[in-house]
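Please go over the structures that come below.
In what comes next, subunit A is part of two complexes: it sits with subunit B in the first one and with subunit C in the second one.
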Partner chain A sequence: MTFNSFAYFIFLPIVFLLFQAVADRYRWLVLLIASYVFYGFLLQPSLLAILAFVTAFSFLAGKRIDCAGTAKKRKQLLLLSVFVNLAILVYCKYLVFLAENLNLLIGAFSPGVSIPEPEPMVSIALSFFIFQAVSYLADIYFGITGSEPHPGHFALHMSFFPKLLQGPIERAQGLLPQIRQPYRFNYDDVRQGLLLFAWGLFLKVVVADRLALFVDPVYNNVEAYTGVPLIIATYAYAFQIYFDFAGYTNMALGSAKLFGFNLTQNFRSPYLATSCADFWRRWHISFSRWILDYIFQPLQMKWRNLGKNGTAAALLVTFLLSGVWHGASWNFVIWGLLHGIFLATSTYYRPYRKKLHKKLGLKNSRWMAIWQVFITFNLVSFTYIFFRASSIEDAGHIIANICNVYSNYTAIKTIGINEFITKDILIGNRKIVPITLLLMLSIIWVVYKHRDESLFTKPVWFRWACYYSLFIIIVVLQISTKSGFIYLQF
Partner chain B sequence: MHHGNTMKKDTILERMSEVIRDVLDNDAITLTRQTTADDIEEWDSLAHITIIVAIEKEFNVKFNLSDIKPLRNIGEFEDLIVLKTGIKG
Partner chain C sequence: MRKLLIKITFFTIPILLTGIAIEAMLRKIPNDYKTKVQQYEKHAGDFEVLCLGESHAYSGFNPEYMQIRGFNGSHFAQTLNYDLEILKKYDHKLQKLRYLLLPISYASFTNSLENQWEIKNYFLYYNIKKIHNPKYYTEILSLPFDINIEKLLSYYISHTAAIMTDTNGYSTHYSNPNPDKNLVESGKKMAAVQTAKDYRNWDKNKEFLDEIIMRSKKRGVTVILFTPPAHNRYRMHLDSIQLNKTIRLAESFARQNRNVFYLNFLRDRSFHEDDFYDADHFSSAGAKKLTNKLSSFVENLEREPEN
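Moving on to the complex of A and B:
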């Protein structure tokens, strides 16, 4: 079940009440069972079995690495256990892609011959919990953390339902100590969790899903559009994916907070980044830190004699793999490669850029920062063309036609602006739309400004006005299509 | 090792600070033994190995990934340099 489903609104309070009702030493068990029930709602028994296997295997492998006598033995055990984890991921997620491309290759040399293509498998959550298992094993190997002695606590670390489907990808040092800690009811945690959850729900069902009304008609039928509609849809997608994923993450963090857990914040205003490197410090942070710590750093270390070339090569490989992680398709490969190219290029020219800025006296200039934010946002948005387009051909059409000034302006009318404004239960009357929207926006602004703890220091009437407003806005302005979260597919 | 074996610990720290200021291009950085990468905004996963390699050059040593991964703060990094180079603390 997803966080914006009816089932979850029943599930979460039940788990919360059970969690409060049982003795402290059984609380982990309540959450563990709840997590498997939550995952079980996908009706994919094989996924449950894989989660259980990866958990048991990584638990035992972690112990073995910890106890191994020699450095050589430790390394062998690490490589073996990481290999098993990645083999499961490749088998479940990439086999179809590999077979298809292998058949293309075979077909090119000997037409008519092909290997049988396997049935595609559902792999929701798999890449997230396998990454978490790999980081656990690597951190034991590097002596960053010890192996977890309690199998139940480790199983909960792997499966905790708020972060199971789409992360954040938690480190052992971050989550396991919180699982071991005795729980004490904290009213502030609960109301902050609920507010975070509601704010995330708002970002998803009101903002992200509304932006999809622009994006989907264009991206699902790109041949019909040139110029301005393509630009609008691409920018709209940049914001849709951000609000979709940030909304999800807030709901995850809010759900976890109800039980007293603090998960990793995945976003820090990513579109205010002043460079692509800065973007990856702010976007999907738990994932970018994972690929940088476990892929980029070892490669950069290995290739350090090559200097900048080594760093650039390590960045290219890392972000290429990041693309592959997002999905078994060439679109994601190109998306990752583009980010790799941006970062690799900047390792060469960054020192010159800094010197130039110093000379021109632009180092701390506000205009320079705004210019950099603008450029970075456009580079990132450009890569989304590949991320969102249904095929390489579609992406090619968009790039070839996006700057076409003779664009078909009447097409703008067909890309969902009407739905954008009026697809609401109560404000069907066009005349009051501007007033209602203005009112809504100002309420949203107030809640946004106070969505952290500062809201709780305000007077009762103000707090409850905010809660009710947010609730009403979510109910009234939600886009009532059943939509999943974008990152669920990864 | 042109500075010789009489190097004091605080001067190792100063040499480290100089290298890190240079790599991160921020003259305001001052290190203590308690400083962690999280305390310095520019010191992120992308910059980490670049810093390590610059330190390797400065002190003419080679680290393994398993030497540097467990380091929790500058103090432990300094101790590692002392251990590897034999510069007296």
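Moving on to the complex of A and C:
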């Protein structure tokens, strides 16, 4: 069951009504059961068992760390509990990848010899909740938070269904206090939650899925394309992944808001970033904060004697691991490494760049900002080639041919640009007159501008016109060949 | 909370009413499934030959050319599962049935209608409910919005309904010339679509056919399995493992059951380019030819005394 499925549109109201109906002291139980039912819709009992085990183990480990007498014991318990959690993640998600590569290595030295490769395992949500467990244990160790005394509250913190499948990766000190708080029905929260959810649904089924129509024919058959189609498909993917993930996040935040919970906002206009470091402060914020706090900062501290070299090395390792987290494939490793390289090199040239900008009077220049945004966007889009390509070979083909100026421009037509443009103009074989399309775009713009609380200060006719318009736009313009959420695979 | 419930009710009422109106309008539109159900209800008692199956039968069997009263009960993408369900549903009405024709095509044992939009037609018009998913109970939720709007506009504004079946159940769609006829492209494309990635539906489909044969045996109905002819442009792209497995299974059913016969027309050289609408479906000329062959076989069976 995903947020854009019919089943979820039935599930969410039922859970909401049950949540309202029960006494406050049992509300956590309603959400906990709902979360396991939600996860159970994947029809993978092993995942439910793993979630339950990780929850129980981390709960008990957290208590032990909190109660440990000595610093040495605390550290040992932390390392052991983190090791167990990460071992589960490696076993479920990376074992096949490791076995395949080990066989390649063994095969190079001893042809015909190989180790048995395990069956691939479904690992949806594993990366997210195991990282959440690790952050909980680390925060207890560092004294940032105490262990949670209530096992049910902790179980809900781990499994809360709006954030279970694709995050945000919530910190204990963010979500647990909200779970402990008594619930009071708040009409504005519900209203805001519904609007956020609808906006996220629009981003996913109208915008992201529409962009996929353009990206998939190229990236699923890269050998057939050179030049301009590859460039357009790559840029289109940059926006597809953003709208897909941002759409999901808005739906998650909106769903949580219905129950009075505020989850972490995961995006802050990432493509307006003026540097790769700025990009990671705006993109998948809960994840980038996690790797910053639990990988980069400890490494940087450990290698502080190496100065800038230590920082650069810490960044490389952090983003290499970030790539690995995203997927058991060399494509993701290279993607992460590229980001690591971009960030690592910036530690060296940034001071010189600042001096230069100051000297040339470009420090607060608007044009310089636009240039920086342009460069950053292109660097990030380049890394998406590896992120999206099906294999290293495909990524190599794209890079080798992306600047082929002699590409066949009629290929643009064959990858469906007509469909891309006209999909929202045609209903069957009839065209919506352009003015209707313009009206729809205007409504979308208005809703976007007011998607925060300012919409609720407008007159009732304006608000309801926006609600109905958004609903109609989602129903009319949704792409019928639905694709799953991109980040669900991680 | 009360305020919320009131506002949500006021918000959803117009949407629900519109949805109900659209659903009612969609269900009123004539379609092939409705047409065939009406034929079953009125005339099933007269059918002596019934042909079920998918589009190969839909385009290839024209009861007009049978010497005895026949009906084409096939639909696009109809699987053995639904062939069986239709037989079960009309078992009590098919009193005169003597011959059951079933196409055994390349994908007959590997296909499944799971999660396909066609399921709603069996729900709504045949009242056959095999998979319980709420969307299959409605027209409006089964298909994309733009397709539903197109259907409404076509019927209520342009006054055209997408009926592609005559009173004998034969598809009229294939009677007209194909303006986009391209045997090379269609052959390659259809073979790719019908080549199975795995055989997880194999055993179930085998069971469905087994049950069809058992039921027919009890009723004294002769089952004629046939692999329809196909153009070389389609055949050359078929996976030989899947094809051979399918043919061998059909042959084994015929060997093991006295009331079952198997006819393999796949490489029949009497079918030429004009007999095909596309690489694996028939034009009206092809349907006439195939039906005549099936009719001759039935006549031979009628003439031969039982051994």
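Odds and ends about this structure:
Methods note: the second predicted complex is superposed on the first by the 477 of 490 C-alpha atoms of A that agree within 3 Å, B and C clash if a C-alpha of one lies under 4 Å from a C-alpha of the other, contacts with A are read in each partner's own complex, and residues count from 1 in each chain.
Here, contacts are C-beta pairs under 8 Å (C-beta built on N, C-alpha and C of every residue); 3 or more make two chains touch, one makes a residue touch a chain.
Only a predicted model underlies this, so the values are computations on that prediction, with no experimental measurement involved.
When both complexes are overlaid on chain A, the residue A:64 reaches neither subunit B nor subunit C.
Shared-chain residue A:463: touches no atom of subunit B or subunit C. By the touch criterion defined above, A:150 lies against neither subunit B nor subunit C after alignment on the C-alpha atoms of chain A. With both structures placed on the common chain, the touch criterion links A:476 to subunit C but leaves subunit B unconnected.
Once the two complexes are overlaid on the shared chain, A:185 sits against subunit C while remaining clear of subunit B. In the superposed model, A:6 lies in contact with subunit C only, and not with subunit B. In the superposed model, A:281 makes contact with subunit B only, not with subunit C.
In the superposition on chain A, no contact is made by A:357 with either subunit B or subunit C.
Judged by the document's definition of touching, no subunit A residue lies at the interface with subunit B and also at the interface with subunit C.
Those residues of subunit C whose C-beta lies close enough to touch subunit A in the complex are 1, 3-4, 11, 15, 134-135, 141, 143-147, 149-150, 153-154. For subunit A in complex with subunit B, the touching residues are 71, 141-144, 277, 280-281, 288-289, 292-293, 296-298, 300-301, 304, 311, 343, 354. Within the complex formed with subunit A, the subunit B residues making contact are 25, 44-46, 48-50, 52-53, 56, 65-66, 69-70. Those residues of subunit A that touch subunit C in the shared complex are 6, 10, 20, 185, 187, 190-191, 426-430, 464, 467-468, 471, 475-476, 478, 480.
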